[in-house]
Amino acid sequence: MDFRSDNTAGAHPAILEALARANRGTASAYGEDPVSARLAQRFNELFEREVAVFPVATGTAANALSLALYTPPWGAVYCHPHAHIQVSECGAPEAFSAGAKLVSVQAGPLYSLGKLDADAVARAIHREGAVHAVQPAAVSISQPSEVGTLYTPAETAQLAELARRHGMVLHVDGARFANALVALAASPAELTWKAGVDVLSFGGTKNGCLAAEAVVLFQPERARELAFRRKRAGHLLSKQRFVAAQLEAYLEDELWLVNARHANAMAHALADGFSALGVRVLGPVATNQVFAELSPCASATLRASGFQFYDWPTLGPEARRFVTAFDSRKADVDALLEELAGLRAAH
Amino acid sequence: MDFRSDNTAGAHPAILEALARANRGTASAYGEDPVSARLAQRFNELFEREVAVFPVATGTAANALSLALYTPPWGAVYCHPHAHIQVSECGAPEAFSAGAKLVSVQAGPLYSLGKLDADAVARAIHREGAVHAVQPAAVSISQPSEVGTLYTPAETAQLAELARRHGMVLHVDGARFANALVALAASPAELTWKAGVDVLSFGGTKNGCLAAEAVVLFQPERARELAFRRKRAGHLLSKQRFVAAQLEAYLEDELWLVNARHANAMAHALADGFSALGVRVLGPVATNQVFAELSPCASATLRASGFQFYDWPTLGPEARRFVTAFDSRKADVDALLEELAGLRAAH
Amino acid sequence: MDFRSDNTAGAHPAILEALARANRGTASAYGEDPVSARLAQRFNELFEREVAVFPVATGTAANALSLALYTPPWGAVYCHPHAHIQVSECGAPEAFSAGAKLVSVQAGPLYSLGKLDADAVARAIHREGAVHAVQPAAVSISQPSEVGTLYTPAETAQLAELARRHGMVLHVDGARFANALVALAASPAELTWKAGVDVLSFGGTKNGCLAAEAVVLFQPERARELAFRRKRAGHLLSKQRFVAAQLEAYLEDELWLVNARHANAMAHALADGFSALGVRVLGPVATNQVFAELSPCASATLRASGFQFYDWPTLGPEARRFVTAFDSRKADVDALLEELAGLRAAH
Amino acid sequence: MDFRSDNTAGAHPAILEALARANRGTASAYGEDPVSARLAQRFNELFEREVAVFPVATGTAANALSLALYTPPWGAVYCHPHAHIQVSECGAPEAFSAGAKLVSVQAGPLYSLGKLDADAVARAIHREGAVHAVQPAAVSISQPSEVGTLYTPAETAQLAELARRHGMVLHVDGARFANALVALAASPAELTWKAGVDVLSFGGTKNGCLAAEAVVLFQPERARELAFRRKRAGHLLSKQRFVAAQLEAYLEDELWLVNARHANAMAHALADGFSALGVRVLGPVATNQVFAELSPCASATLRASGFQFYDWPTLGPEARRFVTAFDSRKADVDALLEELAGLRAAH
């Protein structure tokens, strides 16, 4: 009964089966194998255009490689102050870019929704063209955001337009891209390049893979450089086929969408249950994360009964985060709500 | 019939089974899981002392993290000119260390055996203490070397002593550490810290894992820094238990030694067969690599029959490399030798 | 009639004379000369203890070297959002530290005075000890601040104490250190190591030198590392005596204090004149910078008459900055005020 | 009587006078001043085409900025093993380029003359296009070389052609460019862009400046990037006019050529004197360096009489280096030769 994060889940059985399939026979190392070749083709179809895809084992690698490709050492990356790249990657984007600056944009009407606002970004740009200041290089958003909210294609396009005006690219951290996709009922193309996105960190791990993410370049002419960057960062596996195989299985038979729909549905069930019980849900629930207010006493009781979840102090002293995953069980959601109902009744 | 490299092999079935076992239930992410904890203990036993172990997915990451831990940006790493870190990692050690210099030591009686010579390293040290020159920081050797030869514990100790005299550490790239271990019939401790090694890149992938290597620190007090370095490089997996699980299974029931013994035996069979056929074998065969001279015609014929192997021009215009792996089949070795015998007979 | 900045001024004649004196005869290059040796001794006396001093040609070099010495790539440097290191050095601290993060602390009661508040820094520290986040490494303040305000020794000590508690060092950007010194009527020791400062960027250029700053280490045992860092950054001059000679002359006969007192006095005269004319002066005037509100019309008229100064939009739409220097003439201050008085009268 | 290096000399009086002239009045900081503007124009004339010129205070900065502009982190710079960038800059090129690799080319018929050979460079290129290896980015030569020899325009052009074929640029470390120029009786254009040079480190310090070098870009469209790189490295001085003023005076009335001719002539006088005395001169003397064999006894006697020079073990156990400068006195050369003659007579 683990609601801590979608990365405490294991891998979907179909992913493990794909590994076993990929294990038959020898194959050229370092991504020169047939599975990797098929995957490249598969991503072209998925995004309805030519893309360049670079599978890697971690989201941090995908984000840092994406940003480093487009951000010179004297570049600025504009992001939300709670962005994963800003607070949870131990400075990886700075490392991969040889010292670029991540500028937190702490303003605008979307700020409290965990989202970046194009006008606020515009105001944060500082001394453009002057040699004294780092220069606009990239805007980076998380889709869904770190609090599970979503950018509409229109909002994304606004950011892309702003980026274009200042010679920047638009990067999307899609660690939970599938959850956004099914929630917005949009196509991968609509959420990305059709809305002006230049580079996407395509997540698989949180939604059923074992360790599989990918950098997706919508400017495939930049692929050569990224190939050297990936290798040099130690993120080209020798038996690279095993990362490609995960992503191939992830996309097969819509596994990724099925998984994401399930996780989102579990989050909605949880949120609805909370509301019905009078528990305050913080912010809209759009994907697979629920933030809710629970007293220390209620939290402690739930935890004593085996429910796991995190405190989330940035949203308030009694805020707690519940994340659902592809394998969250409805029975666990119900059990949690029942326990909570009992608690309420007891008072 | 693939003799190109031990990384064209897949994973040993026991490794895949371990992944399936590790997949049961949820687990704390980022290495805070029980498998990782068990593995840490297992490495202590294996090396007969306290060590700090950091599983990662690639050998390049293991090498570059190891070297960066001990080499300041103005440091020099002394290595063989053919060392993997020097010629096959696209500058990863330089990247991770923020620009250290890898100094090729191209001299000494061991040079032609692909090994580094302590006296030659001593002569290569340049302007020690002077602000104008990069300063001695590390000696890095591959055990076995890139041409499959071995350092005896005494040779290793000599390098370690030299390193100590100049304030350096001794790093071992053990991408094929198991192959060295069984060939030398020594214990892991004897080949490493007892001979003065400070840090080891412990390889698993080439010998039956899917993607599992580890940095092993014999100065566990340096673990805190390496933890940040690993995370920042994007090499801490969220579902880290799946790397730990591979290594756990790799060590279980001596799987790693069994695999390495098999690979080495296949190489010896191949080399013996070559010699019996009058094919010149280049250098001693100590582990799982065989270098041999084959005419372009013989090579082409073998390849046409489905045998795969690399040309190795650094050892001569007709030099070819054959690498055996944990799953190389004796039948394939025999078939290759038979084909070659046929060829010889035809002439 | 140039009030744009104290770096539009030239060098004091005594500095040029010192260059001529240092030019006699040959001298060992790279700081092994007698002037550099004398200067090292002079700084020990000045700070009433053993320090290590590294003269360099730019303040950006001094700041970036200071911070890089103490901040690992995964370190955080806490600073005011308007700090020179954050907004005016094009990412030099990130470059020299191989990608550390500069964290803007935008809160606390001192914030609006351009100063960093110890409690606000404490609140900004994020996930200390967790591998996911950059770790506290340094607090950096400017003395005087970018708006000319001052830290009392007590305020400095509070920051130093906080730094100590979190394993950080306290760095002072003293580009205008002399201006602070004379304003606070404190000794160099009192403003620095006695208040807990670990490393100081000691400025000379803005106050009469041609190009001379220095890193002053109050932990002289760190000197060896800084020597390599300076060389590697290209900031060890071959004819290094010419930087040392400037600083020697700068300290001789209290030239630095005389210069700073003059500049501060001119700023006070200007500010007093503004107030007398009913021009709003923004913030306290403590050193050699005056911020005042002038209408676009008044600004344009002054500029047309040859007065130079900058608009300063971060303090308001009509904010202007006037900086005085060691060679600012009282006559120019008077002329400016007279012109302004005439303007007021005309309305 | 100092023959250690041309950087133990001071500055030419005309350079100090230029500083005094530049010191009149205020001027825009950071290179926006009239002297810097005039200098840019002057370099266009000097090189008979549009160039972009970036004055800096050290040769290490000029070299490292030049190379970093053209070498990605995964790039290789091919150079002579004794190149200043390889052995005397403490890894600055690696630092500025975020970890590129400097590849020593230790072969070819020109090797023993301290020069790089185009064919040898071609042979050193390793796995071009393969993701595993650093990729050709730059060829860097010193003109004159570290042992004072010269590249003819034809030799330079051969290297440039090779560079072009592999997508590299050709960089010239011209720390002693003037000495080469007068020795070859060629124009600046003929020695650089007309022979295919892309970027030049133009030296002033060793030949009479106080601290003035410049990066000269023959692809001025790359100027924007270099501006950020220079600032970020702390190599844009606030009172930048003082570097520009040195270079302006250096070029005025052919001061640089007069100085270089004198230094070269003194070296020839010394070498001729050595030869006349039967002292073996090592290698050709083309510019302002003389390498000669002197016994320990002769060396010690000369030093006891006040003559300063370096031992140069890379050229042999009794090799010594004598460097002349713009202000070397004929009387000192004569005195040295006389002393030596006396010594010989005594034997």
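A, B, C and D are the chain letters, set down in written order, and residue numbers restart from 1 in every chain.
The rule is short, and it goes like this: a contact is a pair of C-beta atoms (placed from the backbone, for glycine too) under 8 Å apart; a residue touches a chain by one contact, two chains touch by 3 or more.
Predicted model only: the values in this text are computed from it and were never measured.
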item	value
Least hop count linking subunit C to subunit D through chains in contact	1
Length of the line joining the C-alpha centres of subunit A and subunit D, rounded to whole Å	51
Intercentroid distance (Cα basis), subunit C paired with subunit A, Å	42
Chain centre separation (subunit A, subunit B; CA means) in Å	34
Contacts with 2+ other chains: residues of subunit D	73-74, 89-91, 95, 98-99, 131-132, 228, 231-232, 236
Chain contact graph, described as a line, ring, star, complete graph or other shape	complete
Sites on subunit D touched by subunit A in the complex	30, 72-74, 98-99, 131-132, 135, 225, 227-232, 236
Subunit D partner contacts - residues on subunit C that touch it in the complex	2, 4-5, 7-11, 16, 19-20, 22-29, 56-61, 64, 89-92, 95-96, 205-206, 210-211, 228, 231-239, 242-243
Residues of subunit A touching subunit C in the complex	73-74, 87-91, 94-95, 97-102, 104, 106, 126-127, 131-134
